[in-house]
Every structure is written in C-alpha cells, then in structure tokens.
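Shared between the two complexes below is chain A, which pairs with chain B and chain C, respectively.
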Partner chain A sequence: MVEAVSSFTRPRLRINGFAVLGFGLLALLIICAAFSPWLAPYDPNAQDYRAVLQGPSAAHWLGTDHTGRDMLSRLIYGSRVALSIGFTAVGLAVLLGGLLGVVAGYARGLVDEAIMRVMDALLSFPSVLLALGIMAALGPGVNTIIIAIAIADLPMFARITRSQVLTVRERDFVVATRALGAGPARIIFRHIVPHITGPVAVMATIQVGHAILTEAALSFLGLGIQPPTASWGAMMRNGFSYMERAPWLAAFTGLAILLTVLALNLAGDVLRDWLDPRGDSRR
Partner chain B sequence: MLGYLLRRLASAAVVVVLVSIIAFAIVSVLPGDTAAALLGEEGARNSERYQLLRQELGLDQPIVVRYFTWVAHAVTGDLGQSLRTGEQIGPAILARAVPTVQLAIMALLISVVIAIPVGVISSVYYRRFPDHLGTLFALTAIATPGFWFGIMLIMLFSVTLRWLPPSGYLPFFQDPLGSLQLMFMPALALATGFTGVLIRQVRSSVLEVLNEDYITTARSKGLSPAKVLFGHALRNALLPVVTLVGLQLGALFGGAATVETVFSIPGLGRLAVDSIFFRDFTMIQALMLVLALTVLFASVLTDLVYSRIDPRIRRG
Partner chain C sequence: MSAPLLEVRDLEVAFDTRRGRVKAVDGLSFSLGKGEIIALVGESGCGKSVAVRSVMKLLPEQTARYEAGSITLDGKDLLDLDDKAMQKIRGHDIALIFQDPMSSLNPVLTIGEQIGEAISRHQRVSRREVVERTIELLRRVGIPAPETRLKAYPHEFSGGMRQRVMIAMALSCNPRVILADEITTALDVTIQAQIMDLLKSLVADAGAAVVMITHDMGIVAGAAERVYVMYAGTVVETATTADLFARPAMPYTWGLLRSIPSLERPVDEPLVPIEGLPPNLARLEPGCRFRPRCAYRRAICGAAEPPLAPAPDGAEGHLARCWGLDPENGWLRDTDWTSDLGDAETMAEISAAAAQVQGEKR
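And now, the complex of A and B:
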C-alpha cells in the first residue's frame, strides 16, 4: 500500500503535473510583473467615467471599477507590487534571519540563548498583528510593509538555519576541516552555507506566498499600500465595498492572489522534492 | 521530567520579559503620544495643558521608568484604560475575546472534520490520483486568503441565495442557533489556511506511522486494513496533529483581524484593527501583550504535553 521511502535514492528531477502547474503559473506571473506596461491593455490608473462598474466585456475582459479603471490592467500591475514586496521582504528575512541563525548555531552558549529567546519572543506575536503594529509605528507605504513582513518572518529563518548549522557543524567533513586549521569564516561560508541553502530556499519560496497574503491582508485593512497604487489588497478593499453591485471586482482580485500563492507553494513543494528525493516531498 | 520542566519554564519566563519589551517598544515609537491622543489635535496645540497632562500620565519620565510602571501595573492585572472608550482594558479584552474564541473553536472543528478524512485518504492512496487531488486541495486552501473566501461566501449565501445573514454577531448563550448560523460563514473563512496545513500534517503523520514495525506486525497477524488503519495507525498519527493546534494559534488570531472585519464581529481581531486606526495606544500595547502571551502559553503547553508523551524530547 505504501512504497518504501528508501526506494528513491538517486536524485532526479521528477517533472510531474505539480511541477508544470507551479512553475508554469510562476513564470506567467513573473512575465506579467516584468512586462506590465506592454501586457496591460489600459493605463492602470486611467479613469473612464463613461465605463464605471462594468462587468466583463470584450473591451474590458475583467470589467471596470467604480472610477472606470480597467481591472485586468490593474491586476497585471498589481502583480508587480505583490511579487516585489514578497521577494524583497523574504529576501531581507532570509539574510538577517540566516545571519542570526548561523551566528547562534555556530557560537552556541550564551550568544545562542540570547538570539533565540528574542526570536521566540517575536514568534509569539501573531505575524499579522506584529506587522500591523510595525505598520502603525512606521506609517503606511511600500518600504514599511516590506520591513514589517521581514521582521515577522525573521525568526522562522533564524530557527531553520540554526538547526541546520547545528547538524552540519558536527558532520565529519566539517570537523575534519576544523582539525586542518580552517577558521570559522571559512567553515561557515565554504562548508556550512552551501549545505543549508536547500532547506532555506524551499522555506523562502513558500514564505514569499505567505508574505503576499500578509500584504493583501494589511492593505485590505487599509494599513498597507495606499490608493491609487494598484495593490491587490487595496483592490480587494474596494471590491468589498462594491460587493453587491460589482461582485467581479473582489472575485478576480482574490483569484489573482490565490493563484499566485498557490504557484509559490507548488514550486516550494517541487523544490523540496528535487532537493531531498529520499524524503516524501509532500510531508 | 522535572529538570526539563524547569528549563522550559525558565526560558519561557525570559521570553515573557522580551515579549513585554517588544510590545512596549512598538507602541513607544508610534507617532504622537497618549497625551496628544487624549487632547485631540486642538488640545495638543495648547502646550500648557499638554505638558500638564504629560506629567499627570507620567509621560515626562524616562522610557525605562515608564516601562517598569506599565509592567508593575500589568502584573496586578491592571492594564490601564482605553484612550478611545475609557473602559478598563482587562475586562474589555475579555469581553471581546468571547466572539473570537467561539469563532476559533468553530473554525478548528470545521478544519478537523475536513482535514482528517482528506489527509487519511491521501496517505492511503499515496502518490496515486486521490492523493494528488488531496494535496492540490490542501495547497489551494493554504493559498486562499480567508477574508476573500468570506466575501465570496457572503456573495453566494447571502446576496444571491439569501440563505444566511451576511454579517453581525449574536452571543452564543443568548441565541445558540442564531449565533451558530451567523458564525458559520466567518468560521469557514477563518478555517481555510488551517485546514490546508492540517491535511498535510495528517497525511504525513499517517504515512510515517504506516511504515512502523508495529503496523507490519498488525497486518501480518491478519488484521483487516480498516482495523489496522483505524485501530493502530490513526490513533498514533493524530498526536502530531494535536500539537499543530498550539502552533497555529497565532495564525488564527491574525486571520481573525480580517475575517472579523469582513463579517462585523466585535472580537479581538477587530479590536486590534480599530485600536490602531484610533491610535488607542494603551489598548494596542495591552492587546499585543495579551495575544503574544496566549500564543506563548499555548506553545509551552504543547511542548510539555508532547514531552510527557515522548520522553526523547526532554533530553534535547
């Protein structure tokens, strides 16, 4: 009934439906974000008061909002905001969290205790609430939302790098290198970092999706990206207030978010599969 | 066991102190201060009254002194007064916790009812079509913004079909049926992410257990597959699932902020959002403290329960 897990020993890239779906969607999104000006049929902020709150039509495939702006164009431009915030925030969290995790795991002792207890404390705050508080303190805007999400995500990356460092540093090849007289910097960058990039990359991919959900939630609450920037969360806020007259506004915006996060989750899963072929990918 | 317990509690105590510092620090850097918020923009320009009130509130003290004053009061349960409504914060938070707790419990129940069958089917049909379908379902659930799902539910069940009231809140003990009816859509909306995570957890822990020797033994002594699955495998596989609830509590609180906004539920999430909009400094500070401590408490409890069941953890 259950295949023996050990039967997958040789690393190989299994191209399955999930891989095609995940990376296909992700590629499509990146193209949308990179080439927005060429792909969007209209200017995302061009108002047209003769075409207000129109349903999907040949002229406006996904309809128009309360000021006659083209939804498809706004969604395409919104992918820029979502992806750039997601990748930058997680990138920051990986760098800072990774650094803290490596230092904690390598130094151990009191340094490790101090760093990890602060991470535990940050992890105790519900991430949306922590981000809300930071946004309120720093004021709304793209940069603060990136900082807020990065701080909320920091502890996770610190934890995963630390635990990886703790395992790798006791492996024979690291012990041998140390015995040969290599200093900590050399050991960390030449031997430990390459070994931990896999699990961190998997987690980062999935966290980008999570960051996009958090951004959408903050902007939906009115504390994130401010209008008129075409951000998916702010568009959802607008769609919510026109829920009865123009249901397509919220519907399409949510679908865009859902497909983006799904693509990132699928990609993360497939990556894990490729990096650790012995384990079951979808645990 | 006692040694582990003490170590775990000691490190939790350190984290509690750090949590209170973070909550205090975030609110301290918020633009404006309590005195300005109380007086309003007009009043704050009257510098004499403003300075007087600052003195009265102790805002002219150094930040370290203010922190210790706040903590000293908080320890006795006195979290101060809301700047917006003037009510005592402790009782106000308790009152707003009731709808959120009901919402969270309903969401957890919905998640469990969906996730256990889907996760078990996925693991039994490992890497076959039903498993792929289950995994895609789980990933889609994780990717679904709960508040958006809530809006879609309102459009379908309230606007189009007119089966359920779109929003509002009724206390459970006042009108149980009406309350359940009103809370059904918000609970479903809040359940999305957790359901997805839970399906994956159930699937992987059943898979793991199915590879254990005692399952092979149970099978080889001739037990039917159903007996092996439900009598042996499922019971042991559900253990990690219990811990997931403790770990996901924070995510549930976070989700409550948007879901309660969509459905106009006067819960903690809504309170947090409103407090930030109205610059209710004392309330934000207290809420951050209380919610973080609740999450921390849940995770310590989870650890302790787990170490009681699995002695290997204590040595770690």
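And now, the complex of A and C:
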C-alpha cells in the first residue's frame, strides 16, 4: 500500500527486491537448462549401486537416489525438461488462444459465440483434469504433454485476448484507421495486437509456472515423462516412495519446483507493474 | 450547378438498441459540389456524427441499419458496395478527420509510421518516397522542422499539432471529399482559427470538397458556403451561409443564432439558450420534432411533420421545415427573430418541462 502512495515518484522501471529475486532465479534456471551438460557433475542417468540413497555429501551435493544417480545432476537436467515443456506449451497456448481470441473479438457475432462457447466448455474442466484426460487419450510422452497443457491453457488466453480486442477495437484510432481504408488484417496486427501484448505477456509468464507444475503433476502420476528421463515430477514420485529413508530426494525436488514457480510468478508480477500504464508515471 | 460530387438523399439510419430501434438519421439529404465547403450544424446528439460515419459506412455492422435512401459518390451508390470495395474508397476518395485528436492517433506508433501508413495504403510507393511525402505533408499542415518529428509519438505533440497530423493523414491520398467531424471542438480558440485557415487553404489548393460538422455557428460563418441545420436526425433548414445569417427562417435556427456570444452585444444582455434537450429518438412524437422546445408552437405543429419547403425570403435553395412559414396560414413569416422571443406562456411551459426532466434525472 505504501507503493500506491509513492507511485508519483516511481521511476519508469522500478527495480525492487522481488524483481531481482524473480529474474535472478529465472536467469539461473535458464542457465542450468541451457548448459546442463557442462554444469552437471555427473551423467544424470549413470547408476552407481555402491552409492544408493546417500545423503548430501561432498561427492554428491544433493545426495543420490535409489539407483545411485546424482540428484544435483538430475535436477539440473530436469530443469531442461521443465522449462522447455513450460515455455513450448504456453507458447502454443498463447499463439492458438491468442489467434482464436483475436478472431472472436474482432469478428463478433456468430463466430465469437461459436469460439467462446467451445472455450467455455474447455474452461469448465479443472486444467489438470483436462490435461490428465488428454494424456490418457494420447498416451505418455513429451509431445503429448505439451499438447495437453497447451489445450488446457488455451481458453484462458483466448478469453484474455478477446476481452482486450473488444476494448481496443472501439477506440477512436481504430475507427480512424478504418476511415483511412485499412482492412481487417492490417488493423488487427498493426493496431490492435501491439496494445494487447502487455497483459498477455504477464499472463503467459505466470502461466509457464503453472505449466511446469502441471507437467510435474502429470509425471508424478506416471502419465508424463517416462523414466529414465530426468523429470522433476517423476523424481518427486520416486522421492515419495523413499520418503522415510531418504527425505532429501523429495525435499530437493520440491524445492526446485517451488523456486521455479516462484521465480515465474514474481517475474510475472514485476512485468505487470512495468507494463501497466496506470501503475506509474509513464507519460 | 453541375452534378454533385457527393449526394446523400433521404438517408435513414437506425440502431437496434436494448430499448428498441432508434432512428439516428431520419430523411437526411444534402449534396456537395466539387471544391465546395458545406456545414452540418446542430446540437450534440442530433445525428451529425452518425451521418458522416454512415457516409463512410463506418457504423457498427451489428446494430446499425441503413433503412432507406442513397449515398452517391460520382454517381456510384456507396450503399451497394461491400466492405472490401469501401476500403478502396475510404481514405482514397473520402477522408474523415476526427473530432478528438487525443484519441484518434494510435499511441504506440510514431507520427511518421501513421502518416506513412496512410500514404502507402492506396499508393504503390517506395519506402524513401513515403518518408519524403510524409515530411512534405507535415510541412503542408504547418508542423515546424518535420524531418525531426517523424519518430515522435502522439503524446509528444500538443492537441493542435495532433489535429494537424490528423489533417495530414486525411490529405495523404488527395481525397476528393473530406469529412471534418468537429475538428476544432477540442482546441483553443486561437488554434481553432489556425486549423480552419489551414483547412480552407488546403482545400483551395487541392480542390477537395469538405463537409464540416460543427455546433459552432462562428466557424460556419467563416468557412462554409452552404449550411444544413440538423435537428433530431433530419435537416430543418438549409441555405447559403449568407442567406442563413441574414434571414434565418425557423425557430430552431433562431435559437442557435441567439446563443452565439457576440462582441457587438451589450455585456449585460444574457445569451438566450434553447431550453430543454433534443428529443429522445427512440420515442419521437408525431408532428414537428422541435415542437416540445419551440416557443412559437401552435396546434398544427403536433399534427404532422412540416415539409422542407421554400423559406419566405425566396432565396434560391433556402428551405426550412416549419409550419409557421406555411404560405397559407404561416404565423412566423414576418416575425423579427431578434426582438420577438415567442410566446411567454409557452416559454414558461417549456422551462417547467425542462426543469422537470432535470429533476427526474436527479
């Protein structure tokens, strides 16, 4: 609430603790994912039966699992899976959902009704349940998990873009552009889309965190990424079975998921503050 | 007079609203010759803006219906064209300059991009040529040092400069007809004069014809050749500007003229406003549209709508819609509008009715 009062003096890009934490963690994660082979101390799938279920030590910083695989290496490689699935799935959802939303919002009428009622139907399922159903139908695998998450997230992006298009399309400059003879494609892509990227970007960032959670949940349930690929969800499930003998397995995996989702949520919040034209002293 | 460039005849446009059908434009006719400047005048809410938007076919398709009439440009009826064909006409043959320069420019694109877009929409030109012509246009509308302003965003411009940019965009394809919708309303008086001078000189140079929409009689007097006074979606009086100001025929026009502040008027003499508000178009009563606010009304005014008939001064093309001007029993034919403000009793009734409406709203 203090922020609201001080908003007049706020500089254009306010760098605060949350911003540093959010983007710092995110950067760390992306580095982990991009440079896994160089960062990981061990091969994530190398089993070592002389060192199973070991606690954290100098040799294995985060311990080992039931087949003696190094947890740190598996978590680092897991970040690859998590981030690539999160970003691809949400990217797909933004593209498709955004397209549907723009078409619905611009065309109005029957087209709008048809698209949005289908979206409402999709939205009426809890997203994890919907993804679960799609996974069950398509079978496990990286591609199907991406498709499942994308379909589950699609209606949200369709809704948000549609509502944005509806507000922008009635603004005077859009009518003015029409008065100059612009066709629908030009109006949509040059004049409307730039106005709606802000809210969509914020939503997408936060949604990547959710997508990673969904992926973990699906893998935890055994429907997602199949062993031996290092996936946080599958590792969580594995850690779950050894909860009493080796609690660090589940704890470290959970921590990785927690930090990732936290980073994305913080980043999303910070983006929202930056992009919100009412939020600060941008002219 | 040769065949008009743009002719609107008996146009009727209605909107479907939750509270029923509203006829925003009801039997509007006007015509515009080459290089002519005409003005549509009237209060807020009398259908002026809807009229110009309907000429461009820019009304929301879901709710607006063209119910009758025709809009012909060079003998081609625009109402027969689909949106694709209209896209070729908008901006190219007919340009529209908007009322509010604050909101009519896209805040995320630069001035140069927006004018450039207007230029390249209807013409095949190279990118360099677009930049050159943009600079040229900005210079023509009087923006100083235009080369340096191409990368500026609308918020960096003042209201008057933005209005100039809007005019530059409208001029970009040398349209034959310019519709100027209250282009001076949002501006200071000094800037208003500059913008009107600019528009007049550009029109003289380019030979375009202009339909000005305004509620400001002063601007009409300074620029237009012919005036159409609109009330509740239709024309109630039309004449050349000189005739209209010299011998306005009907009470609504008198009311408009009485409410112009003037330097010649004694300072302590109050302006005479027109009491009440324009009628609710969803619930029009039969008879003359202005009757509820007219201090000169008589019984016949409620019986039927008066026709647009020649005014008593007999000037060519001076038409007015008022039973009081009827050659048979017109009681307003010789009224001196500057001294006779109408029947005092009727006036009191109108004021009471207006006060009651205000009370109900509160």
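As a working rule, the second predicted complex is superposed on the first by the 266 of 283 C-alpha atoms of A that agree within 3 Å, B and C clash if a C-alpha of one lies under 4 Å from a C-alpha of the other, contacts with A are read in each partner's own complex, and residues count from 1 in each chain.
What we mean here is this: a contact is a pair of C-beta atoms (placed from the backbone, for glycine too) under 8 Å apart; a residue touches a chain by one contact, two chains touch by 3 or more.
What you are looking at is a predicted structure, and each value in this text was computed from that prediction instead of being measured.
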Chain C versus chain B on the shared chain A, clash or fit after superposition: fit
Which superposed partner A:Gly17 touches (first chain B, second chain C, both, neither): first
Which of chain B and chain C A:Phe173 touches, first, second, both or neither: second
Chain B versus chain C as contact partner of A:Ile257, first or second or both or neither: first
Greater chain A contact set [chain C / chain B]: B
Contacts of A:Met236 with chain B and chain C, given as first, second, both or neither: first
Partner chain(s) touched by A:His191 [first = chain B, second = chain C, both, neither]: second
Touching partner for A:Arg117 - first (chain B), second (chain C), both, neither: first
Contacts of A:Asp269 with chain B and chain C, given as first, second, both or neither: first
Following superposition on chain A: angle at chain A, chain B versus chain C, Cα, nearest 10°: 90
Touched partner set for A:Ala59, first chain B, second chain C, both or neither: neither
Which superposed partner A:Ala46 touches (first chain B, second chain C, both, neither): neither
Chain B versus chain C - smallest C-alpha distance in the overlay, whole Å: 9
Set of chain A residues, in rising order, touched by both chain B and chain C: 283
Residues of chain C defined as touching chain A within the complex: 56, 58, 62, 84, 87-92, 95-96, 98, 100, 103-109, 117-118, 121-122, 155, 166, 169-170, 172
Chain A partner contacts - residues on chain B that touch it in the complex: 11, 14-15, 18-19, 21-23, 26-27, 29-31, 123-124, 126-127, 132, 135-136, 139-140, 142-145, 147-149, 151-152, 154-155, 159, 200, 203-204, 207, 210-211, 225, 250-251, 253-255, 257-258, 261-262, 272-273, 276-277, 279, 284, 287-288, 291-293, 295-296, 299
Partner chain B, residues of chain A touching it in the complex: 1-5, 17-18, 113, 117-118, 120-130, 132-137, 139, 209, 213, 216-217, 220-223, 236, 239-240, 243-244, 247, 250-251, 253-254, 257-262, 264-266, 269, 280, 282-283
In the complex, chain A residues that touch chain C: 108-109, 171-173, 175-183, 190-191, 194-195, 283
